[in-house]
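To keep things simple, chains are lettered A, B, C and D as they appear, and every chain counts its residues starting from 1.
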Amino acid sequence: MDDSTKRLLQQLVRRIPTQMLKTTLEKWGRLTTEQQKSLDFTQPKWVLTENLLAFCEENGWTTKHITELEMIYVTDSPNQGMWYAFQLLDPEDDAPSVELTQFKEQFKIHLTELIRHVSIKIKKHTDEAVWIRIAWGDSFSRPNHLKPTYVVHHLQTPYVFMSSVTRKQKPLLSQALVLATRYTAIKDAHLSGRKLTAIRDVVMKQYQQVFPTKYPSPLLEQNQTASNPLIKREQAESSENRHQMACEAFGYGMVPQLQTAVYKLETKFRGITNKTMTERGEPIRCVVKFTSTNLLESFRNCASSGIASTPVTPLLSSITQKGRNFFVITDNGRGPS
Amino acid sequence: MEGEATKGVLSVLSRLEMQARSRKAKPPQQQNSVKELKSTIDALITQRDQLKAQIETQMCVQKLRAAMDKQGAHEADEEMDDGSENSKLLRLMARHAQLKDLLHAHHLIGGYDIVKTCQGKGVCVSLATGYEGVYLDTYNLEIDLKETLRIGRHNIPPFIPVNSLAEQSNMQTDIRAFLGALSQHLNAFAGRKQQVKLVKELHKSVEVLETNALCSILVLLLTVPREKIAVLCTLDYADHTRCLPTRVCIECEDKELPGSPHWKNNITLLKETPVHKALITMKKMGYIV
Amino acid sequence: MSLLKPFSKLPGLNAANILLVENEEQLQQRLADALVEETAVTVNVRLAKTLPLPLKNEKSRPRIDLVVFIINLTSELSLQSAEASLKYLDPGYFLGKVCLLVTNARNASVPPARLDTVRKLAASLHCPLLCAEDQTPDGVTNAAERLLTILKVAAGLVPMTTALYLSNLTRCTVPSDIDQQGFD
Amino acid sequence: MERRNSMARTPLSSVVAPRRSRSKSYRRSYHSCLGAASYLSLTSGLTARRLTTSRRAPKSHSITEKVSPEQLALLVKKEWQLSYVTPLHQFRHKQLKSYSRQLQAFIVAERQQGLAVGMEGADSSFRVSFSVLQGMVETDDDAESVFVQIHSKPVFAGQEKPMRSVWSGWLACISGSPDYLRSLPEDFVCLPLFCSSGAEWLTSLVKSWFQRMFDCCFGPLEINTTNLEWLVALWTNCHSEFNIQHLKLMWTLPVVPPLEVTYTLHPQDAWELWRSIREDVQDEEKTEGGRDTMAKDGGSICIEEVMRFMQALKCHFYRHFRVDLSTGRLDQVSTALGSAKHNGKIKISNSSYMITTLMLLTECALLKMPI
């Protein structure tokens, strides 16, 4: 049990919140029952770490076992760190019939061809997604388990989600993924966020959307209190209309919790008042960033309260429609997507 | 007493005065009341004419519709002789009414329904899906009707290749083919997903080892009752427009079991009937627990 | 587009009708809930984001006795929208049947110039200017009670006082030093 | 808005006129209970609210000659929390030494009483130093700025371990309004602007000591939207001489959950927009014969230009996102010269233009003071 495993275990136990530690260890199942009982989770974290290090000694756990524990923790709480979405392009004709075992072998073969020192662990999680943990080493050093990269892929869907990956590792990983999924290319989907479930729902369209129907049932306004007969809203119809358009643009009810949206603008200034600025040739370069704990809900409230005028500008509604939260806008429409 | 009498005289005088004044005023009153009556009459007449015209057009449209339904749309056009302006209009109206009823009927039998949006510049198609009489999800797709048809907002999951379907069945010209293919894909997907759900609910003894988002692959772990041997059954739904697998393969430790006749017709059974029904019959026949 | 007239309809029996105009549509709902709890008089509350009011419910709308413009000082747009809405009021309302209600007056991010513009606006319209605190429930009930007193007078339910007389007492006046130009 | 309340007498109120004197007082008292009396009307005439219509454009005049670089280094690149201070009674610049000793004793005494209990680390030996920031003034009415620094060392640390600075703060008055400063009685010193950075408990200790010693009072000083907009204009104007690298503005929109908008402009584009707006305003003034504004050598910036610049930025934003930023609150402004936050946090990153910023802050402090 060399010290790299010890360091990995220490880092992992420090990272897992105490209330989750108990369930994660139980799921891992490598602790004997009395070892599990002897752990008192009310003690401070460093005491628990010492106990677990002792058990590690006793049970002779290897780095492999510890990475297993880490994977259980990460798959259970996927909303840590930043996640980036990538899109697979133009599938081969046998892409729809790629099977899990086939994908596993292909991915391992291709990645180890590209880089020898790498440790790969692939697991199918209950959410039907394939989780891959990659510990990178370079040509002469052993894989560094302290900074692994996680990749999540739903088979037969054109999307892959990656946690932080360095510029050097990205082309290798992309290459291996493209070959294993039998697609021909992969591109950055310009969608990132702290909650994996959120960016997956946006891309897989797994949230409630509102569409015009023949028999429109009035959408329930969130704050639809039992209206007292004495109180009448004069412009109820226009506010309902705004609310409908807001829901059409940003989804209805619980929406995926994106946190940010970034727009790089390079567009000419068109002000009604000063002429000099309008004739000025070059565009104005600026970056606009929207941040909120629940971005789509904030935008929806903006639109339904009238702060953002409706119908919602395509710039904002294309976050949900195109599944992106990074845009480059130039005067001749969208910049290089 | 004095009061009543004088009151009496005064009231009489005032009444007389009133009558005199009203008689003087009446002639002009009479005139404008007459004028009023005349205008109401004119209004009523115009209204009656309009209603008559409407009845007429309805009658014609009904006649045309009947003719159209009998011989199908095309021949009916030549049969109408007078090429006058309003007959073209009538024919158009009849055609419009017919299409509307057709669409409504199509929607009733679980097909797709189309509704106009944003002042006619776009259309929203709602594709209902169902399996074995149970209505499942409804998917919506907005199409912009500018010069070229463009797919706008939709909630169809990404593993259903909407764009490639649009190209294959060249949506620009033949939108019915595109919507038909899309509806087929969606219904097949909903059917397969429903089957997996039913397998998990009805067959606790059968373990679903693997499936994917598109439900185009299903790996089941079956156990043969007597010898408790595990059998791995993989169903591959390569054709995404149907709910039945295109390829079924069985793997097992003792090699010759997959070759045995029973299991052969089990495979054909799995190929022809939905998987949850096939499992029921296999259980009844005692091949699996 | 209907121009709101103060005396265009017959008043209801023992009824007082108030119109709350707020661009943000946040405080007006809570104020309305507090106002309708009044039992002595049946208070009808109409809520609007801006004026003019839609022609559609012209018939069902009772005669409005008091129009209250709610201005949130932290938002520049709130003041502009109130000023725009004022144009759609019949001049008859400016005889004691209009009131300005200002929130967040003590908020640090409010430039003093904005509060002065509101005070000058109120002074020029001869209408009272109330400052309300909208963060706590009792701040809202307090504001509702003060509106109720003005409403009762405006609806003519208080003997011996007319809306005009009350407005003359309560209208906002601008202290002279406000107009004094800068130091230099 | 010319003064109309005296002329537009409605007929009824003129009837009331004879009893005007009594009813006027009656109206004022009734009037105040109705809430129109805000804290504004309480301020005396002199510091009454006034709208600065124009300010001197910041010039990188050599502050370094007036103030020693080391002292400047103390003020720069650190985020200060702003407060206002009422004039100090019997404050002598000469007695700084004794003030250091008294404050040091006060802090140690408070520490022993366990007043500051929740304080992490057992620092208990302190050293306080008062010093004068020579030359940190603009007009001769301004009092010299005073800098306070507190060093401390954990108890059990050995002698050799150096004292590290745990708290610093300074009081300043940069071109305070002359007639206010001259109106102060003799033994009062006015240093309205108080900047502090360091442990919160130390800040409150220093404040309570000042309040006890010089009979003054402190209060939080926020920077409201107009002053933030002034800083936007003043800092953007410096780009011709000093590269401000970026102009970053942050708004918060009042929705649930609150939406933060960060609007970062390329410095050159921001500057060109600013320059074109200044030219437009100057052309208009030339055409309509213009008010007798100060010499228009670009020396001074007027509020009209500031408002137009902000309006142009918001309208550029509106054209793309169709969201009107004036519904929100301007929270923060930052460039390479420094950053200012609505809740009263200021950071000066470059000393060459800090005088103009400090003049603006001094004016805010003077206005916010209750007396």
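The criterion applied here is as follows: a contact is a pair of C-beta atoms (placed from the backbone, for glycine too) under 8 Å apart; a residue touches a chain by one contact, two chains touch by 3 or more.
Keep in mind it's a predicted model, so treat the numbers as computed, not measured.
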item	value
Shared chain contacts [chain B and chain C, defined touch]	A
Steps needed, at minimum, to go from chain B to chain D via contacts	2
Centroid comparison with chain A (C-alpha atoms), farthest chain	C
Identifier of the chain whose CA centre is least distant from the whole-structure CA centre	A
Chain centre separation in whole Å, for chain D relative to chain A (CA means)	42
Approximate Å spacing (C-alpha centroids) for the pair chain A, chain B	35
Centre distance in Å when chain A and chain C are each reduced to the mean of their C-alpha atoms	48
Multi-partner residues of chain A (at least 2 other chains)	305
Sequence positions of chain B contacting 2 or more other chains	none
Residue list for chain D, restricted to those that touch at least two other chains	254, 324, 327-328
Overall pattern in which the protein chains touch one another (line/ring/star/complete/other)	other
Pairwise chain contacts, counting only pairs that touch as defined	A-B, A-C, A-D, C-D
Chain C-touching residues of chain D, taken from the complex the two chains share	1, 3-5, 8, 10, 12-13, 16, 23, 26-27, 30-31, 34-36, 38-41, 45, 48-53, 177-179, 220, 222, 224-227, 254, 324, 326-330, 342-344, 367
Contacting residues of chain A [partner chain C, same complex]	223, 225, 228, 230-235, 237-239, 305-306
In the complex with chain D, residue positions of chain C that touch it	24, 74-78, 80, 95, 105-106, 108-113, 115-117, 119-124, 126, 128-132, 146, 164-165, 168-170, 172-183
For the chain A and chain D complex, residues of the former touching the latter	263, 265, 267, 269-277, 280, 282, 284-295, 297-299, 301-302, 305, 307-309, 312-313, 315-316, 329
Contacting residues of chain A [partner chain B, same complex]	96-97, 99-100, 124, 128, 154-159, 203-206, 209, 211-214, 248, 311, 317, 320-321
